[in-house]
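Notes for the one structure printed next.
Letters are used for the chains, namely A, B, C and D, taken in the order the chains are written, and counting of residues starts over at 1 for each.
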Amino acid sequence: MLDFLQHLDRRWIFLLMFIAVAVPLIMGTTFPEVPSDQVMAVFEAVDNLPDGSNVVMALDYDPASQGELQPMASAFTRHCAIKKHNIYFMTLWPQGISMIQNSIGILQDEYPETYKGKYGTKYVNLGFRAGNEGVIKLVVEDLKKSYSTDIHGTNLDNIPLTKNLKNIQQVDLLCNVSAGYPGSQEWVLYGSSPFDIPTVVGCTGVQAPIMLPYIPDQLTGMLAAIKGAAEYEQAIINAYPELESNPNAKEGLVRMGPQLVAHLLLISLILLGNVIYIWERKQGLHQ
Amino acid sequence: MKQSTLIWTILMVAGGGFLLFQASKGNGRVYVREIPVEATASQPDSEPQVYQWTKNQQVPQSEKDDPGVSFSLSRTVGLWVAAFCTLAIFSFLYGDNPLYKFTEAIFVGVSAGYAMVVAFWTEIATNLFAKLLPGLARITFYPDIDSTTRPELLYLIPLVLSILLLWRLSPKGSWIARWPLAFFIGATAGIRLISYLETDFIGQLQSTVMPFLVFASDGSLLWDKSLKNTVFIVGVLSCMVYFFFSIEHEGIIKYVSRLGIWVLMVTFGASFAYTVMGRIALLSGRLVFLFNDWLGI
Amino acid sequence: MKRTVPLFISAITGFVLIGTAFIPKFVDWGNDAMAWFNLLAAFAFILGGGNLLKMQLQKISAQQPGWGYAAVTLIAFFVTLFVGLVKVGVHPNVKFPEFAWSGDYLQEDGAFWWLFEYIFTPLSATMFALLAFYISSAAFRAFRAKNTEATILLIIAVIILLGRTYASVWLTGWLPDEFILGDSGIKYSDFNLQNLSEVIMENFTTAGMRAIKIGIALGVASTSLKVLLGVDRSYLGSDQEV
Amino acid sequence: MQYQTFKSALSCLLLTVVAVSGNSMIQAAEPPAPPIDFLAEDVPGDAGTAIDLSWTLSPDDQPDLKPRKVLRYVIYRKEADNQESKYENIGEPTYQVNTFRDSNCKTGTPYLYQIEAVGQEGLTSAPVVIKEPVIASLQWFNQQREWFAVFVVLICGSVIFFIRLARSGKELKVRKIAGLEAINDAVGRATEMGRSCLFVPGIQDINDIQTVAGITVLAQVAETTADYRATLEVPTSRSLVMTTARDTVEAAYLAAGRPDEYNEDDIYYITDEQFGYVASVTGKMVRDKPAACFYMGAFYAESLILAETGNSVGAIQVAGTAMPTQLPFFVAACDFTLIGEEFFAASAYLSGEPQQLGSLKGQDFGKLIGGLLLIAGCIIMTLSSIQTQGATPENQKPTYLQSASNYIIQNILGKGGFK
């Protein structure tokens, strides 16, 4: 047995990893999450706004990081929809346009009574603008300097939601979901911190340590990695139990299942590797 | 060998059968809603003409019977191609095989072409052509350039440097191509020297200067904060000692640098485990694509 | 001569840009130089792409093993290049419909978009996802308690792996929320895996990263100086022409 | 579940309270009080294009007041000397903000600024104007960076000093680095086995200093392979890196006296895109089974894909990078890893030239300065915190120690300049 393990083909490990991720995904196994303080800060930032507030949703990520970030973007969208907020979508990533489309899909499919056919009065899609942090600097001071039209080419002065919006300092909350540069850090450096715009972000695990120091002064709260997304979904479900039956609202929670199993698998692999190593040493294979 | 071939054949046939079954149930198809677009000519001097075309918007399968929604062949083919590509890359985990080689060849070709197209439109067209010949750029690719924009002649410098670089292709005097490279390597060295010293040397030192002992406002010692600070400062210093090149790791230095390498190992172990989460999420993302978007399980 | 002139060019450029960092009026020169660099890199595609073509054509004409794949690469390359540069299937910009070329090259429903969305993206994302598998084989193979350093590495990795999932609640969720010694500020629950992994990230990892960054900054400074002073001139090739 | 019902009930209750209190506050709108102490000053250490404005918030600008009496401030500017110039709107910061930077000034022009608070229904307060015009003046030296300039001179100076010292024949001693000795062994083994060596110079372009450092290591590796007559393959992901690497390797083969063994086609470009490049390099690894793999440069997520594939084909692997996020993966999967600073020192070590080793001494000197400053700063801060232990911070002059530690953080390591 140990002999087999000693010369274990790594393809068996790959197969185990595949099973560890695929099976919980198909089964839809979820584990209860306890929202941390940081996540509750995000939840409250969205929830404590009066119904129908103005929220900018900046989705700066691409399909490659969708696995980690889509649940956050969906949860933000869903939470804002429950609160009937007016949503302004925008992105600094060219591929972010289809990410915005996903969120708009949620608004129209799950909350048709609030959002269906209400383009321009309940939500607006500003689309993509090139220029990285330059765009942020512009939109916080003068929105119409960088966005003269929305994604469909309609002049912003002809859209009810944007007609009187001079810049995004006037909105009540900025939600950013980001996978790197330009993203959360730029929004904080050039948007929320100089102009004091209440901001919450969702970002990848890699960015999280960089963003931590900005909390709570420049940043109200942060969702880090898939765990943050899962906790946030749990927080929303706790407050709005009607979502319990909506499988889409548990995207992040469902993905925590594979995380747990895969982490346990990794730990058992590390332990197994060491058992083999100790056995080998007893056999005198390492001198 | 034969046994494994048999197992694989059975698996393939079973997989194929399952795919056919799912496809026959209508999964793996993409539907779009056609949105008419109407645009009128913008220039005052052009004929007042209305241009029309349609735009497609992808809709979930549940809306396939809605009015205006139709089956999209190109996107359905795309979905299957994407699924094929995903499976072909995963097959590399089993071992090198013709499927992977084929996909790899496509990947290299498409990505090299993609990078060049992006570089052409975002750099050469936007940052050189439009800067040097704004008038011509306005009537071709970028009608939103202001008609009063003047050419920025400064951009002749990168143009000349680029031509010098391409001189490499000529049979004689290809050494001249080293001039632009030398210019940019020199620039890189100068810029990075300043930026690294400022943010990573001075900046990191600044955020590390803190007291060993922390007191509460009533004068009592805060044990946990003091401990944290002390551990932190000692950690940074011992790692710095580890990186010293001039001293051999002997005597007291041996122990300090040993501590330094331990701190580094903690750092690496933690970062490794911390990144795991994101990577598994990526795999989940791919599997969700296969299971939900394609197979409709 | 062939090495002296470039050496001179790089030294002057480098030292001038170091100087401008302290002169507010010229502080943007460095950014300009880097913007120009992107243009140079775009032109350099002629060299890289040319080389790619040459290599694949050589394989095909010599009928080397796998030359068929070389042909596939060439076809994929030219198709992508063509549909991207000619903007196949791209509608003009809605604001300026009379300019047929004004549409975005990556517009939805264009041929280039199709290649991007259905070939490039899934291939990149799947390649990226392979990491999950490689992480598992690396964990099995590399995290062995060969010596003190390796043992530390693996213990910390296990703590963080557990601390980042629900397993931390199973294993250490029972630790009470009470102070250990009077009001020392340290609670039992501070030692549950989730908090422990945060403490490790906050103290040790940040400390280690900081020391690494300080070292890197000095390494960059001395490498830059070696390049500018011509102490290390290997990147310039040789004086002779072979 | 009980907890949840309780919670939703509570939040309903809270909402009602907020709504009710909100309603009761609605009254006839009146203009807000103007902000006070409106000040403007030239931004120090800039090119004379910016002026900083600050003010004390309008007394009506209270954070917990609902609905807000002040929604935003509007700032106007005009040229003081120009009779025809009128006040123009230059920015509208929101409530609770009390600073604004006007970064659109002409150098040497005196400006007058005016601020108004804007409340509900667009009602504005009385305007407040600064007392005297301000001028944005151009500085030829950025005084905020004075101390930084001292550090640059010290560190660069010490590197140059030690290089000179080494040139003059003084012998400099440096300790050994394990990974570097492995490079020769790995190349030797590849030769014995009749297999090739693979060198990956990272995936960034030549405008990243790590790529430059990788190329300098490549020069040394190429000399070794030329010596051993081993094949060296260098796939690159950037055209310019390919160009530079070709020049470098060619020179190395020439220096080793084997110019005829240099083959240009062994150094080739694949694609700029990260994962396309990785797909091709790993495919090649599996097919050619190189005996030694070197990864020297800037790496991202692909680090582990490369290192694990290399390991599966049984190659000896040496990696060097300054990407803190990727170091753990190389450390776990490669035989030897040059961590951060060691990577930049590698080419100096490998070249064995005394003047290159001099640069390492310069680096050590930098670490010494940094370390001493750090220790001194921490001790001074500790002493000052012991000294002021338990004292109330109000109406007390900063002690000598406090001002010393402030000087270290704000001026020496910060942007305060000499002062």
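Here is the rule we go by: contacts are C-beta pairs under 8 Å (C-beta built on N, C-alpha and C of every residue); 3 or more make two chains touch, one makes a residue touch a chain.
None of the values given here were measured: they were computed from a predicted structure.
Q: Using the stated contact rule, I'd like to know whether A-B or B-D comes out ahead in C-beta pair count.
A: By the number of C-beta pairs in contact, the winner is B-D.
Q: Please identify the chain with the largest separation between its CA centroid and the CA centroid of chain C.
A: Using the mean of the C-alpha atoms as each chain's centre, the farthest one from chain C is A.
Q: Using mean CA coordinates as chain centres, what's the gap between chain C and chain D in Å?
A: A distance of 15 Å separates the two centres.
Q: State, to the nearest whole Å, the distance from the C-alpha centre of chain B to the C-alpha centre of chain D.
A: Comparing mean C-alpha positions, chain D is 19 Å from chain B.
Q: Find the geometric centre of each of chain B and chain C from their Cα atoms only, then give the gap between the two centres in Å, rounded to an integer.
A: Between these chains, centre-to-centre, one finds 8 Å.
Q: Which positions in chain D touch two or more other chains at once?
A: Each of 152, 155-156, 207, 209, 212, 240, 243-244, 247, 270-273, 275-276, 279, 312, 324-325, 327, 329, 331-332, 339-341, 345, 360, 363, 366-367, 370 in chain D touches at least two other chains.
Q: Please list all residues of chain B that touch 2 or more other chains.
A: 39, 89, 92-93, 95, 101, 103-104, 107-108, 110-112, 114-116, 119, 165, 168, 178, 181, 184-185, 187-189, 192-194, 196-197, 201, 205, 208, 236-237, 240, 243, 264, 267-269, 271-272, 274-277, 280, 282-283, 285-286
Q: Please output the residue numbers of chain C that touch at least 2 other chains, ranges allowed.
A: 18, 21, 34, 37, 40-41, 44-49, 52, 93-95, 108, 117, 120-121, 123-125, 127-133, 135, 137, 139, 141, 143, 153-154, 157-158, 161, 164, 201, 205-206, 209, 212-216, 218, 220-221, 223-225, 227, 235-237
Q: Chain adjacency by touch: line, ring, star, complete or other shape?
A: Topology of touching chains reads as complete, every chain touching all others.
Q: What residues on chain B touch chain D, complex-wise?
A: Listed in rising order, the residues of chain B that touch chain D are 89, 92, 95-96, 100-101, 103-104, 107-108, 110-112, 114-116, 119, 165, 168, 177-178, 181, 184-185, 187-189, 192-194, 196-198, 201-202, 205-206, 208-215, 217-219, 233, 236-237, 240-241, 243-249, 264, 267-269, 271-272, 275.
Q: Considering only the defined contacts, which chain D positions touch chain C in the complex?
A: Where chain D meets chain C, its residues are 45-48, 138-142, 145, 149, 152, 155-156, 159-160, 163, 205, 207, 209, 212-213, 215-216, 218-220, 238-240, 242-244, 246-248, 250-252, 254-255, 259, 262, 265, 268-276, 278-279, 301, 304-305, 307-309, 311-312, 322, 324, 327, 329, 331-333, 339-341, 343-345, 347-348, 351, 353, 355-356, 359-360, 362-363, 366-367, 370.
Q: Which part of chain D faces chain A closely enough to touch in the complex?
A: 4, 7-8, 11, 18-19, 22, 71-72, 91-94, 96-97, 312, 325
Q: Over in the complex, which chain B residues touch chain A? Could you list them?
A: On the chain B side, the touching residues are 39, 57-58, 60, 62, 93-95, 122, 274-278, 280-288, 291, 297.
Q: In their shared complex, at which residues does chain A touch chain C?
A: Touch list, chain A to chain C: 8, 10, 13-14, 16-18, 21, 31-34, 63-64, 66-67, 94, 97-98, 149, 152-153, 209, 227, 256, 259-260, 262-267, 269-270, 272-274, 277-278, 286.
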